[in-house]
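I have a structure I would like to understand better, so I am pasting it below and will then ask my questions one at a time.
Note that the chains are named A, B and C in the order they appear, and that numbering of residues resets to 1 at the start of each chain.
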Amino acid sequence: MYPICRSITGNGVRDTLALISADIDLKISEVPTGTKVLDWTVPKEWNIRDAYIRNSKGERVVDFRRSNLHVLNYSAPVDRRMSLGELQPHLFSLPKFPDWIPYKTSYYRETWGFCLSHRDLERLTEQEYEVFIDSTLADGHLTFGECVIRGSSQDEVLFSCHVCHPSLCNDNLSGISIATTLARLIAQEKRRYTYRFLFAPGTIGAIVWLALNEQRAQRIKHGLVLACLGDRGGMSYKKSRKGIADIDRAVAIVLRDDADQFEISEFSPYGYDERQYCSPGFDLPVGRLSRTPHGCFPEYHTSADNLEFVDADSLADSLMKCLAVVEVLEGDGRYVNKLPKGEPQLGRRGLYSDMGGYADAREREEALLWVLNMSDGNNSLLDIAERSRLRFTAIRGAATSLAAHDLIDQAL
Amino acid sequence: MYPICRSITGNGVRDTLALISADIDLKISEVPTGTKVLDWTVPKEWNIRDAYIRNSKGERVVDFRRSNLHVLNYSAPVDRRMSLGELQPHLFSLPKFPDWIPYKTSYYRETWGFCLSHRDLERLTEQEYEVFIDSTLADGHLTFGECVIRGSSQDEVLFSCHVCHPSLCNDNLSGISIATTLARLIAQEKRRYTYRFLFAPGTIGAIVWLALNEQRAQRIKHGLVLACLGDRGGMSYKKSRKGIADIDRAVAIVLRDDADQFEISEFSPYGYDERQYCSPGFDLPVGRLSRTPHGCFPEYHTSADNLEFVDADSLADSLMKCLAVVEVLEGDGRYVNKLPKGEPQLGRRGLYSDMGGYADAREREEALLWVLNMSDGNNSLLDIAERSRLRFTAIRGAATSLAAHDLIDQAL
Amino acid sequence: MYPICRSITGNGVRDTLALISADIDLKISEVPTGTKVLDWTVPKEWNIRDAYIRNSKGERVVDFRRSNLHVLNYSAPVDRRMSLGELQPHLFSLPKFPDWIPYKTSYYRETWGFCLSHRDLERLTEQEYEVFIDSTLADGHLTFGECVIRGSSQDEVLFSCHVCHPSLCNDNLSGISIATTLARLIAQEKRRYTYRFLFAPGTIGAIVWLALNEQRAQRIKHGLVLACLGDRGGMSYKKSRKGIADIDRAVAIVLRDDADQFEISEFSPYGYDERQYCSPGFDLPVGRLSRTPHGCFPEYHTSADNLEFVDADSLADSLMKCLAVVEVLEGDGRYVNKLPKGEPQLGRRGLYSDMGGYADAREREEALLWVLNMSDGNNSLLDIAERSRLRFTAIRGAATSLAAHDLIDQAL
């Protein structure tokens, strides 16, 4: 997917969703230009075929075919000769990182421009240039895709990722790849929750989905925005607006249990599409899972966020964390101890390991005692995992054993 | 005001209030000796004209005319000859700071005494001394002053300072000077709150005011006792008994936003007149603002708390903090986002700075997003400033912009 | 008591309770084997007279008469000759501490065994051994003792200690000795609460008591499990399941006020009999007081937990802490300030020390002001001691003075 020139509308998004469809069952929706969506309007559709700046010798000194980042995303068409002075206000570079091409967009103010490395910019001499962008900005559609995996309940878990960035890898391809694989893996088992995977352009895509699904959005009981999940940094989680939602606690438990290094930060109303899901009129329990957060790595929004920047082990690790979060959400619940007075005699039931040996025997026994002690109908397994500081998987396993021995019942 | 011999009653207070009246509109009240006020009784009025200890050569070895601190405040009259041995129990000095005269009082136990530097005390030889205090303790009045600046609401903000200390500068003149200037500045604009400035003797003055205004006291929605605001130390704030009153949070925000160095401490029932305002029968939301707290600088209650000890820049800084607190109280409020579903499109409304440039553009945009996101009618701007960690002035400014663009409404 | 071979049933417990009865008024109960108690069943009674391993020369190489720890507690009888290979699975030692005999039990799985120092184990050569345990495991009783000291209220304070460990000193004799002495001291004064001291075998003893007293257990308003109170370490307290019970706060205040070094840890459902008292069906406010917690000193459950390991000063200090906790529980209460508007004039009532002198005058005055300020009927003296950071005894003393001067009333 890396070479595709994606934007918030157009064939780049369609081609991307088509590739995802090869892996998972994706429902594609198209919303016409001009449709009112909440406070916004679906913009004209943008498509681009070629773009360059040619010098007086006829050489393409800036060439869209080498990198789709070279064109200011959503540039209007242009086909003119001009001096360097006239061209200059339309050129963008990063003096601090002179070899990298910046990524810039202008979705809602019609203009055109080129992005190039600062080294290339400095090489441009005073002469007449041929400036050409073969793009169209015209009535069309905004495109997004959804994969829904039905569980036994209509309550939903949302995973949302953006699909609008062109040749950038951590910032958006990593999210797409995690979401796609996660959807495949989740579909392999019967699930309690219904899982919705949303692949949509940033901001306007989430707004479109929310506008079309105002009622259905209330079914979302837990959600994660997936972004920047492929770099070599530690995990980071940004809490939902609620701050104490189950998703916030589930991710925190998974990171506490399994991550070497992680950071959890409070909600703030800027970032990715959690901005929309957590707007006060929806206030959905949706957080954001990343490795190094956007804006905290210098490669962000430059040509250096490329295939080398993303690491297969990091992607795999991010995927495992997402799966572990799903297991917490699926496995959580409140139970009632059926023999709440005193401890039940675990030894008689073979629940106490006789005389040591197992490395994890102590954790198993502690987990049994914690679940018995806390299961008064008020505490969820997540509560118990937090309070006991034992791993959620140990608590979940203890609950399964105790239920099998008829010592606890699920609370209604 | 420095040379005036103030006490809890008498002409020293009257002369002080007369000087304040030159600057602001002050209503002076007089309450007769013997008046029952809560659990207390207004004491006899004390006035003093002269006092000295004369040695056998007729020299004034301790002389009220050199410093009014030399007399134990509220000393009964005396005119006798006595030996050093007989005089000794009536002499007070500070061995630790041998050049400083201590400040001592005996309001409610009739006695007399002299305070002097330890060096002077040690110079006294065995001989007969003429001991003379030309004071009167007689039925009279207790005097206090109030300046009230009416706002659109009857809800009041109280600023209270004590006016009973003689030639001490940080401990009480600093508070008087801040309160007077603040009253002048507040009066220059239309205000939402009514502001009450109380200039009264410590303890008994606050008790008198509360006794005379039991009903009106309930109108006080926020208040500050001002004391020790002129020294070179950092700001300090002592919370009200409630501990989470708006005044506690407003001062904390101002110090967080604007102070280099500050300390916030919990309420305790000793200190200045917050003792009375925060007694359980009133429990008013009144904290105390100081720089170095009383008792935490060695010059406290000695002749070294003089005009040099107080610093003009520190006074100005304290005044600015008080004004900033007033701006938080005036500017706070709860708002409702009128487009709460998704983010409103700020760019369309010119609320997003196009392409960078302004140093504070990022803070402005973040403030807009925070106010929009949190304005569900439950969060005040103070809440939002706390949660976002943005400056209150930025949050307040964002609310003003958003209201002007009809994006938020004041909550009822 | 040290040489007695105690277990969860049998004559060792009876002999121990008989010794306690010499000091305090103890009611002994016997519950027959086979009685259903909550989820458990009272086991067969175990008694032992002799046990040894004799080598081919007829020498007792392991001898119960030298230490009762040599026998796996609750061993079934055995009288056989066998090779070292056959004997080996029945031998237990501590390679890490080669001079110490471990303490091991097998209450609910019938087997037999010997515990010995690792050095002794290594000396055993291949030969035929005579293995003899003269024990009986037969229908009988489980025995426990209670000492109840009636107060003016039926509300109870429980002190519970286990009496089932053989020659171990810190782990269980320390608790027995503290509980016995505490009962004697508490009985010397009229008390508000009724005090119950329970001397019972660990786990099954607490379960038996709870089974027999399901209703009465609800009268327990505060409780402590006493264990490991004689070693030289600092105090440690493990909170009740509730975590914010008065007993949790009372112990915390006593340790804050009086202990040089202490640790307070959260509840967990393993440890001593707090496991049973804090099971969810009872959820009693019972914490555990120890010095070094069980399992945190290497001597734990070995022959090195002997009379030398326990220190008289530490025992005395633990006792004083228990008494101080009792004083907090007895002395706590909520009061109402009868002159809540402003401060009452303490000087007039002689409650203000005139002019300094007493070392603790400042603390006394602060305590008076805190009690007056906080006594609005909502705050207990414990609340006030916590908030003021003054010692509970100072707060309690101030309340007594203020009540004597008719300034506060006990709240209903």
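Just so we're on the same page, a contact is a pair of C-beta atoms (placed from the backbone, for glycine too) under 8 Å apart; a residue touches a chain by one contact, two chains touch by 3 or more.
As the structure is a computational prediction, the values presented were derived from the model and not from experiment.
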One copy, chain A, sits on the other, chain B, after a C-alpha rotation whose size in degrees, in steps of 5, is 120
Given over half shared residue numbers means same and under half means different, the chain B/chain C interface is different
Separation of the C-alpha centres, chain B versus chain C, in whole Å, is 54
Flagged in chain A as touching 2+ other chains are none
In the complex, chain C touches chain A at residues 38-40, 108-109, 203, 206-207, 210-211, 214, 241, 266, 268-270, 275-276, 278-283
In the complex, the residues of chain B that touch chain A are 337, 339-345, 347-348, 354, 365-366, 369-370, 372-376, 387-388
